[in-house]
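Naming follows writing order (A, B, C and D), and every chain is counted from residue 1.
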């Protein structure tokens, strides 16, 4: 239950009444208007001072025309009426407005910005899930595809869009504030700029093919990228026409880039008296049909030649390729009549996405994050799909779009937990929470900290890092956690231990152990957290001061944290707590941190056993 | 005795990661589903996979199973029958009528609390859509007898290594302390002689992750990686692979055979144009994926097509099966990783929801 | 039970002990062997230079055999391989069949699909069966040990000759040997090729190849190397002395035919099985059953 | 070596020869070489290398090479090949081409003569048949006429 404050505004009709008495009787705390977990104000919104109205904006407040409720009569009667009215209002502030206050209704509208098949597919899928969708295509022609797609296909897909998709063209997303449930987007149209709010945003920036940078530089007049190759133009005469097709050679080569090179090689090889030598680093046959294609090309007569990185050299005039055939162990030269360079899908996330001041939404390692699939970015409610994410044209993009749409639907239909509450009275506007929020949920807008309504995962990183105890997702404030720690430790028998366990790793591992009948130490108190990042120095020290002989924080492995670096923060804070303990003459080994995965129950059991031993040593 | 008929919008055959992901996604779309798992527990093959993180997460996705199971258990609209298998199916209007039969299982007991439990008796299910998420079947390395599987001591499959990774490798290596470990890739993959004209995609990453775990646990363990082409994908791998090439011995050769040597299994491979023999304590065969064992029966049961590689579904589309109202999710459709299977499950659910939409509307009107 | 015996070129001239023991064993096991008279060469020697001619020659033998409808059972693995491959090829390639039959027409022959070719030993294993063989055995060879040599063309290419045994882990000869009570020795070089195929091209090479197995076996206490192909016999028995000289080592590995081993267990005397003609004899074995 | 000087048509020629069909499928995994019993004994004999020479189109070098005649036809390479290259048969195809191009081993003529004369590699004369009779084995008849017709040759002297 949130703490409800009574904000007493003196005005006509309340003369003689005792605010403190009324508050006490109603079971609420009297406040000067700073404490805003939930509030009852004794006047109407219209009559209240503007500064107060502004401060309370967006929070569950029961505006009460107390003067009217109290009416006239003896003071004792008026005092009793006042107390009853405040109590009623407090109840409604706490309960009735709690839903609105703690989980503000997320905006259901979805913005899909970009172009090509991924964009259209995402719009289609989101609409199918019941969301109104604005599909903002950045090109003036609606059917304009990404450079690696066919316009006809995009046109077909557009024609099939349901009615609740509004399509605008020539419109670009140039600024995005907020987070899941409440994004504020600035859209630059052909004529004017507009601002609109959305619950979720899917970015499908244009993608194209580009020749990787590490390709050998052969003479321009004989060199072509795959996308410009027209195989029908080539055929040999008396002499065989020698073509070199160079597949992506570097360590970043993808199966799609390889398949594209092989497709080109096969088409050329089918031409009369053309001999294709296909250069490759690794035969990346992991795409669907890739192995078949590679086999067909060889059967057609394509000569597949593996070269080590940097092993394909070009003469100064750019007309001779030299390499060592690994099978023969001999140097081989080729004077190609044609060099075809393969390309990889490229697509860039918009530059503003990479701006650390906006949020840590994106960096290039994120596509591989095991918990940021389905097009998710670190910023909840913001999705990046398509070529920028490395998806190949065709079905992979549609699949990604479908997955992203399903994910955002889950988010907007309330799967996420409630937004953090901010106690403005304590907030120093230091913006630590804005800076540390891994999901871009905590924003600063209109002169106060304003968390977005749907995107918070209640990881509690803001709470742990806030120097003023001014922000916490409901249920995760220091006060609440310490209270439950105290109660739990009081009930614990024997050597008391505390395990702070992330729900994504430690708790699942613990649950697996419990289900398997594992015997935990008697005095162990398990405290689940949504992210180990919730566990700051203060919680650890409080656990010790409340009688715990040891504290173990179990967070996810590096690179696996759903909240990006909550685990690393927890590790850092555990270290700090241990250091502080050492400074006051305690034993630092009483505080431990471990990286863990949900499927490592044995490691957890062992760590807890070791902690118990440490605690027992005293 | 009247046979009980369960009515559900969607029935999902297979309770592995793809099936669970599909169930969760359907429920997000407001659709209930029934998950039918043949084994005694959820999770499929992933349930046997351990975490391969060393100094950091290696993005295998095995840990994701726990949250899928947790989320499935938390959603009352997802019903689960374990130890159950469809034995009959017929198209019924726009949907399907299935007969489920209980399966006797001697495997490990379920280790997660679940909504639902073992199928008590033969039952009928009336469903608007069917999602087949039965997974792939690992290739049995003894079909490539030259690698000495089940014949030469110290030769194991990658899945056996997986099972022992958290415990003792010495047992696998016939009591020897495995200081020299070889991996042989593409056992059953990229093999036209078996009719397997596909790369199984995940085995290189799987093997290399395990190799790294072994080296992290026992520094100094020599790892030899026999391969044709390294098929890792994803941006993070590029750097990691460069590191691994420093720490392990990458040999680009498909070995000719594995024989029993005096000090352990010996790998016969070609280097420098002739045959060489190297002795190891442990030889790990990276077996590929095969179409699900029941693919033929299932494709007959549900009148669905097979891909050119024999998996369920069609080459042309990611989740369609050629049969109305039947969709394929996960590695039953073709080799894919855990994370990809989870995504694929969501895509299959999207397609199934699309199929169900008119039915749901009709029901609302009725 | 009947089968059509195909002698080929080498056996009826050089390996009479093999032929003798094979005929005795077959008869004792109730297999009536009919001779494919006028059979001659299977075509194997021509394959390297003229496959087309080799195919016609093989087809000739197959066509002759086909008329009786009996399984053609060569004693020589090379003949088995060549004839089985030819039959496989002609069964699956109608154009090749037409071509071949045009050539055979002047001889009054034509190949018709479906001719079965099986090495005689395989015929015994599959058509007579191990249980039936076991029943007929009258003597135990316990205490003796044989190193089975499968050779190449008894099992490979498995595409044509598959179904009997796994060429990577063959067991059929070992099983046959063990039926007699003798031990079938598992040894490292079991799958080594005898080198007979290159004897004509490079004698030194052939000798080195055969030498691997001989050296391996010389270091073991085996009664004999047991084989089923005259080509392998050329290398392991015929060339053994030369090989020993070239390798500058002592070699005295007795060599027998599997049919001789079987013959002993069926109660025949060594003399009846042609042991006199074995150049490097397993003396203890011969003595034991005199 | 300059690839432009090689003959890209050579691999197609080998593939067109019976048994040669599989050659182009090779993806150089080297399983064949690992199992080749000849490769272990003869420097330069390497099935994978021979295939590569054909694929590169080094025609003369392959056909004139004494190495191509050293295959023991044990079929090990063929058994282990994941791409069904069937190298033993590929080599037979190459040898046939070489023989037609005049690179054949000298022994060929002798084999043909022998077959034309006797219908078998080893003559079965009176002496041999006498020996067989002594051992209780049936006599063997020669049928060279058939072979003469098939091979299109006359018996080179000797008895017929």
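The definition used in the following text is that contacts are C-beta pairs under 8 Å (C-beta built on N, C-alpha and C of every residue); 3 or more make two chains touch, one makes a residue touch a chain.
None of the values given here were measured: they were computed from a predicted structure.
Trainee: Taking each chain's centre as the average of its Cα atoms, which is closest to the average over all protein Cα atoms shown?
Mentor: If one averages C-alpha positions chain by chain, the most central is B.
Trainee: Given the two chain pairs B-D and C-D, which is bridged by the higher number of C-beta pairs in contact?
Mentor: C-D
Trainee: State, to the nearest whole Å, the distance from the C-alpha centre of chain B to the C-alpha centre of chain C.
Mentor: The answer is 46 Å.
Trainee: Averaging over Cα atoms per chain, report the distance between chain C and chain D in Å.
Mentor: The mean C-alpha positions of chain C and chain D differ by 21 Å.
Trainee: Could you please state the distance in Å, as a whole number, between where the Cα atoms of chain A are centred and where those of chain D are centred?
Mentor: Comparing mean C-alpha positions, chain D is 66 Å from chain A.
Trainee: Would you please write down the residue numbers of chain C that are in contact with two or more other chains?
Mentor: Touching at least two other chains: 168.
Trainee: When you check chain B against every other chain, which residues touch at least two of them?
Mentor: 146, 190, 192, 228, 252, 257, 273
Trainee: Touching at least two other chains at once: which residues of chain D meet that condition?
Mentor: 25, 27, 48-49, 76, 79, 83
Trainee: Which residues, counting only chain D, touch chain A once they are in their complex?
Mentor: Going by the criterion above, the answer is residues 1-4, 8-9, 11-12, 24-28, 48-49, 52-53, 55-57, 83.
Trainee: Residues of chain C touching chain D in their complex?
Mentor: 7-10, 12-14, 16, 19-20, 23, 35, 37-41, 45-53, 56-57, 60, 96, 103, 106-107, 152-153, 156-159, 167-168, 191-193, 195-198, 200-202, 205-206, 208-209, 274
Trainee: If you look only at chain B, which of its residues touch chain C in the complex?
Mentor: Within the complex, chain B contacts chain C at residues 145-146, 151, 257, 259.
Trainee: For the complex, give me every residue of chain D touching chain C.
Mentor: Result: residues 17-19, 37-38, 41-42, 69-76, 78-79, 86, 88, 92-93, 95-96, 99, 104-105, 107-108, 111-112, 115, 118-124, 128, 131-132, 135-138, 140-144, 146-147, 149-151 of chain D touch chain C.
Trainee: Which bits of chain A are touching chain B when the two form their complex?
Mentor: 125, 128-129, 250-252, 254-255, 282-286, 288-292, 295, 306, 326, 329, 364-365, 367-371, 373-374, 390, 395, 398-400, 402-403, 405-407, 409-410, 413, 415, 504-505, 508-509, 511-512, 515-516, 556-560, 595, 597-600, 602
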